[in-house]
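To keep things simple, chains are lettered A, B, C and D as they appear, and every chain counts its residues starting from 1.
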Amino acid sequence: MYAALFSQLTTLGSSGVLLFGIALLCRRSLHTFVDAFKWQSLVLAALFVVVGHFGGAPELYFVAVVFFALKVVFIPRYLERLARRVSAERESEPYVNITSSLVIASLLVLLAYAITRPVVLASQLPTRGGLPLAMGVIFIGLFVLISRKNALTQIVGFLVLENGIALLAVLGTFGIPLIVELGVFLDVMMGFLVMQVFVYHIHDTFESIDVEQLNQLRH
Amino acid sequence: MKYLLEVAQTVFALALAPLVVGFVRWLKARLQNRRGAPPWQPYFELVKLFGKEMVVSKEASWLFRCAPYIVFVSTLAVTFLVPFLFAPLPFDGVGDLLAVVYLLLLGTFFLALAGLDPGTAFGGMGSSREMTVAAIAEPTIALAIFSLALGAGSTNLGRIVTQTLGNPAAAISPGHVLAFAALFIVALAETGRLPVDNPATHLELTMIHEAMILEYSGRYLALIEWSASLKLLIFLSLLANLFVPWGVATDFTPVALAVAVIALLLKLVLLGFFIAVLETRVAKLRLFRVPELLGVSFVLALLAVTSSFLLR
Amino acid sequence: MTFVLLLFPSLLAALLAYTVRPYRVVVGWANAWLSLVSLGAALAFAALVLAGSEAPTFGPSEILRADGLSALLMVCVAAVAALALFFSPGLGRESQYDGAQLRRYHVFVNLFIFAMLLAVSANNVGIMWIAVEATTIFSAMVIPLALTKASVEASWKYILICSVGITLAFAGTVLTYLDFVALSGRAENALNWPVLLSAAPGLHPEVMRLAFVFLLIGFGTKAGIAPMHTWLPDAHSEAPSPLSAMMSGVLLAVALYAITRWKVVVDAALGPSFSNQLLLLLGLFSLLVAAFSLVIQRNYKRMLAYSSIEHTGLICIGLGLGPLGVFAAFLHLVCHTAAKSMLFLLSGEVLHRYRSTELERVSGLLKVMPWTGALFMGGILAIVGLPPFGLFISEFALIRAGFAAGRPGLMAAVLVLIGVAFVALLRHSNRMLYGAPPEGVAIGEIGRWRIAALFLSVGVLVVLGLTLPAPLEALLNQVVKVVAK
Amino acid sequence: MKTLFLAMVIAYGLGAFAALVGGRKSFGRWLVALGAVLGAGAGLALGATVIATGIPFALSIPELLPLGGGLALRLDALGAFFLVVIGVVAIPAALYGAGYTAAYKDGRASLPLLGAMFNLFLLTMSLVTLADNVLTFLLMWEGMSLTSYFLVMTESGEERVRNAGLWYIGMTHAGLVMLLAAFLLFTGGAGSGAFADLRASAASLTPGARDAVFVLAFLGFGSKAGIVPLHVWLPRAHPAAPSHVSALMSGVMIKMGVYGLLRVALDLLGGGPAWWGGLVLGVGVVSALLGVLYALMEHDLKRLLAYHSVENIGIILIGIGAGLMFHRYGLMSLAALGFIGGLYHTLNHATFKGLLFLGAGSVLHATHTRNMEEMGGLIKRMPWTALFFLIGAAAISALPPLNGFVSEWLVFQSLLGGVNIPVPEVVVLMPVAVGLLALTSGLTAACFVKAFGITFLALPRSPEAAHAHESPFSMRLGMGLLAVACVGLGVAPFAVVPVLGRILTGLGGLPDTRAEFTLNVSLQTPSAFGQISPALMALGLLLLLGLVPSVLWLLRLNRQRRLSDSWGCGRVGQTARMEYTATAFAEPLKRVFAEIYRPMKELTVDFHPESKYFVQSIDYRSEITPWFDRALYRPFLQSATFVAQQVRRLQAGSLHLYLLYIAVALTLLLIVARWL
């Protein structure tokens, strides 16, 4: 009963994470885009707590707090500010339109299911049902990166990709060793900071943050 | 004794050579209903040339002056290797048929250089054509040699003659006949006869050999003319004695030698007659048709070799 | 303790550069000399390994460890880092960069070096991953020292592609850990490499296959394996030359190191054929792409970068050929490190003099800077695999390993592609070295000490070309023992 | 012997060192030459000792090249022969170089580099003949290629030279690749690669592997030797290099390909099926013929000589190919005849081609042009050079009694011996080879009449030629030595052939056949198929040459000689413009072989604007693109460029595309990992 609840909660949570990931694909304005990411991170943080509680991994509470601070509070706020500064409220047309994006996303999720089959079989954890969804989030993050033209949305795509892996880690292993987890957070933060520096650079040198124009270096 | 005879044979060849040229010329004239100069006219010409002063181009170098001697000497050297009258010669082992060909090429090489030396357009033209003809005649010669050597088991002239004498049936084998035809064509080309070259003309655009030696006079010209006639004799004798060796002496009795002289003269008359008839009947080929003729001879030689193989 | 001496100097150098504001020349020199301490420590590890001692470890839950493989990489990294730091901007009086840029350069370059050293000395594969990810972040900060469109573009592509790639590698790490947890429960030091290795035979093959794909793609992105190499020519050509030297010389090696580490684990679980086949496939593809990209090339730094991809491909192929191949691959790695770092440093001098990275604008190098030109030529001859340089021997060993592994067809393809790269590289470098210098290019040599320092690299290459010093051979054998038992 | 070996290495080393230290000064240039002369002399002595005593010299340094089983050196008779060949050409070339390189003081080339590379080139080339394991061999081989590459690049200021260098190193690298593959296929990638091991394991190779090893080795060595169609670097690189280097490259270096072929095919593999020999022979015939045909069309003196190197390599290969075939059929005497012919021609070609290149270098030195159409009349201004060149020209045209004749005779005889092969299908190919070889030699004579005649005879065609001067003593000395060698090798084959027989004894199971080849001062082929005596021939020619003028003198004929204008059928006012040109000289042959040349012709006639009966100018252009360039290399380069263009498109500049690559690679590999 307990285990079943745990399993259902995690599957629900991972579905939530995936759903927000897909929701990201239908968003046009940067504001809503960041919002979707914020919600996704929030669900993920909650999932940390759930797994921490049911799985008997108390350090996950701590991870959840840090995660919340970083990805729900700090990064979205910074992104918003960044968007205002570089005056990129709206995204230009993506390479793939929304309808096709959704179709591709669903295909990617199917692929994720197919590929993670052996992983699911290998794992005995009650949370294993969510593993394909985590893989799906990873793929969708990649897809966002490929299909969006704006530097800021690419950052978000990258963060979604990371969320996918965090989800994978928490579902598959109840969290990786703490020291690694902390290192990863450090990297994420630094990476994010460096990226936002570059967004400024791009804005300063190219007068827009449309990545499409970054095509001078060839061959 | 052998060596003395060999020297005597060479002297005989030297003496005979102008006569062969004169004979062909005379015969040709008769065939064309002209009276013509007597067959011994070339001797007079040689004497006359030897008595004249030499006019040498200012532009020419020492090579121009050396070339006649080299040409003459290389041709003369060949006469030591060719069994005009008897076989095997004592100098047989000094050079084989290939050596004969390359010694003759030595003369041609220097004569061609000498043609270029004074820097006239005709000399260059002659050299160029002479070398072209010489080069494309080479394969046929080599193959004819191949064919002969196959029959005799040797490339040395003495061996070829004695072998053919010992095995008369070989002389009328298809390989032999074809090789003879091939070598005959080549002999015409190498000695500057019709239809490849016309020895009787100084018509500017057609001459080959004559263009090359245009600048020579006096003793030089005499030497060159003499060696040219010697070359003709050599080729005809080769045709005569290698393919139809009967009459060639294999011992040194006076009778055998006398028979050999008579046999050689007879064969030369026959061949000379043939050449004279041919030169009367055919016109000179355009220079660029010559390769076709030599191509025919090459094919003949190739067939000769192949048939020698198959019948071996 | 030695670990401290290895890692601490670069941190200290970064701190020094950070605190001294504005930048002073003395900081640059101090950093350069500090790097020699790291080099000493790395050599000490190599000596330790050679002395046959059990791999030394350090820190809580043995977070750092130095076996033969690590020691080899440490020496490479520390040596190239020291060389690059002595060639760094801001050591002379005049510099093309202003104080703030120099300060930023010195802070981040040293952090970058720290991250690389950490990556090769980390015992915990998670830490290793973190360090590799950190190399991207730090080096990306140095690429656009002077803000130009090109440098910004290059660094954005660099950071995004590499971050994405490396994140995928993390997914692979997580998958392995997941499998490990499924097998033997959660353990704090489970990600320590020896622990992982000892558990590996029980891991699920299907999961490990997936994990290795993620890891290979992930670290492969960093290593410049095609088709994930796309950032490499851009970043290498736009980065300041000392950084290019480090990136091409050792960063790729560090990423290959990570792949090797994982390969050992995966092989223990699956047997070697799976990882070998993937490595051969991707290695050959890299070779193909690199060789033909070299044919038409207009920029000499990009040319060098593509050559790095070519050599990465070769090393991958070597790694996929069994013990002999591994030996050859790491010998090749060492030689390539020496040659390519030198070439990038020289290309910095060329760029400084000719003010252009276009091949068309560079000619008569041998006349303009005879010694630099000669060194450059030596480097090119070395990387195309001509004797008497080490790469000739290592390529020979590599090809021989391929034949020994019964893959003559593959080796034929490799030989053809190397040949294409050979001609292309020589064609381009001929254009640079010979001919008349363009107008307005000053004739004169660079500093004598710099030349002397680079002659050290050439010396190393020649020594490796003619013989194989016993210590290095022993170290390489240690590596083979670690990688392909 | 060890002393000689060390002397060789040290002398070359010191020569190279002297070049780096003081190569710019005249003294330094002489030191460079001295180092090379001493080194080559020591090498020559070492080779001669090994041949004379029959005891191989061996030396191994396991500390060097540990990965390849150490640096293993062993000089057996075959290697010793080639070491001798190196010495024979290197000594004159080095002496010549001392004078020749003085011209580089003007800064066109780096003298220290030239001197150092010259010595290192000789050193590595010498060591190729000594190498006794795979890695040593390849290292020395590539060292030889690399140093000669630098030598080719001496006058790197010229675009043409750089292009030549690139072709050269590209082709030579392609060759190395094939050699590497051949050797590794041979060893199977295992073992130390010692030649002794290879020899032992040859029998255990599968026939397919043996064939592959042979073909790869033949192509690899052939690319160095310059077989058609892998010869394309020769006519490019040889003209570009300084002439004494061309002499070495053409005279000696390309022979290393012959050495390698003999080493691998005969010694290590121990011979093989008949088609090996047939392949070598066929390629030899084609190379010989095409080499001379393209030489005829060249008006660049050094390119002409380079094409002749292709031709002569062809002749050498004909001998070797015939030898391999006989070897297969157990006709050991005939096999020895073929190999002796090949080896003899190797030595001869080294001398006369060395001589010709040095001669061409002197001409270049004096006139600063390689274009024959700008030369002429040099025989009067450079009499010594002209004489030496004439000797070389006569030798390469196989005129008796010079050395070219002897070796061509041997090759001819080996082909005639082909009738003894018991397989008719093979035998019928022999006459074709004989015919084509004969054609080749005839064309060679034509070509050298052109080369010598246009260059040295008649009137100078340019002011440079008119003001030419004789070369300094050192250069004449170098040429003189080689000229003497040409004559010596020509008249004394009875002394050389037994030595060659001795070298071959034991290789691939060849018995000692020395007794079958000589008879006093005559040369004969097995079972007395043919017999010549160049020594007596030379003696006879000399006697007659003395006798004929003497007789004429005795006869007291008219000896008056008058200098006058050329007659030219009555043309007066002879100028250089009236002379026959090289192009004109070769025109008849160009027409004859038009099918092979397929010349591109372009004729533009400008008429007077008023009337088309007045021609203002006629512009005639004719160009010959060799068919292998057209049919082989151009498509190859084009397709490489095409692939490169496609590959370039990968790096299109779009970040999204790049990320897509990662995603696709990931997906594909995941699919592979999951399901395959």
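Here is the rule we go by: contacts are C-beta pairs under 8 Å (C-beta built on N, C-alpha and C of every residue); 3 or more make two chains touch, one makes a residue touch a chain.
Because the structure is predicted, anything quoted here is derived from the model rather than measured.
Under the contact definition stated at the top, no chain borders both subunit B and subunit D. Pairs A-C and A-D differ in how many C-beta pairs touch across them, and the larger number is found at A-C.
Distances between chain centres, each the mean of the C-alpha atoms, put B farthest from subunit A. Inter-chain spacing, taken between the CA centroids of subunit A and subunit C, is 31 Å. For the pair subunit A and subunit D, the distance between C-alpha centroids works out to 69 Å. The distance from the centre of subunit C to the centre of subunit D, with each centre set as the mean of the Cα atoms, comes to 44 Å. Rounded to whole angstrom, the centroid-to-centroid distance between subunit A and subunit B, based on C-alpha atoms, equals 99 Å. Among the residues of subunit A, those touching two or more other chains are numbered 115, 118, 142, 145, 154, 211, 214-217, 219. Counting only residues that touch two or more partner chains, subunit B has none.
Among the residues of subunit D, those in touch with two or more other chains are 648, 651, 655, 659, 662, 666, 670, 674. Across the whole structure, chains are in contact as follows: A-C, A-D, B-D, C-D. The touching residues of subunit C, when paired with subunit D in their complex, are 156-157, 160-161, 164-165, 168, 206, 209-210, 212-214, 216-217, 221, 226-228, 230-231, 233, 274, 278, 288-289, 292-293, 295-296, 324, 366, 381, 386-388, 392-393, 396-397, 399-405, 408, 411-412, 415-416, 418-420, 422-423, 426-427, 430-431, 433-436, 466-468, 473. The part of subunit A that touches subunit D in the complex is made up of residues 95, 111, 114-115, 117-118, 139, 142-143, 145-147, 149, 154, 211-212, 214-219. Residues 376-377, 379-380, 390, 394, 397-400, 405, 409, 412-413, 416, 419, 424, 427-428, 431-432, 434-439, 441-443, 445-446, 448-450, 452-454, 457-459, 519, 522, 524, 527-533, 536-537, 540-541, 544-545, 548-549, 552, 555, 557-569, 571, 574, 576, 578-581, 584-589, 591-592 of subunit D are the ones that touch subunit B when the two sit in their complex. Taken in their complex, subunit D has these residues touching subunit A: 648, 651-656, 659-660, 662-663, 666-667, 670-671, 674.
Contact residues on subunit D toward subunit C in their complex (touch as defined above): 63-68, 135, 138-139, 142-143, 146, 153, 156-157, 159, 162, 165-166, 169-170, 173-174, 177, 180-181, 184-185, 187-190, 640-641, 643-648, 650-651, 655, 657-659, 661-662, 664-666, 669-670, 672-674.
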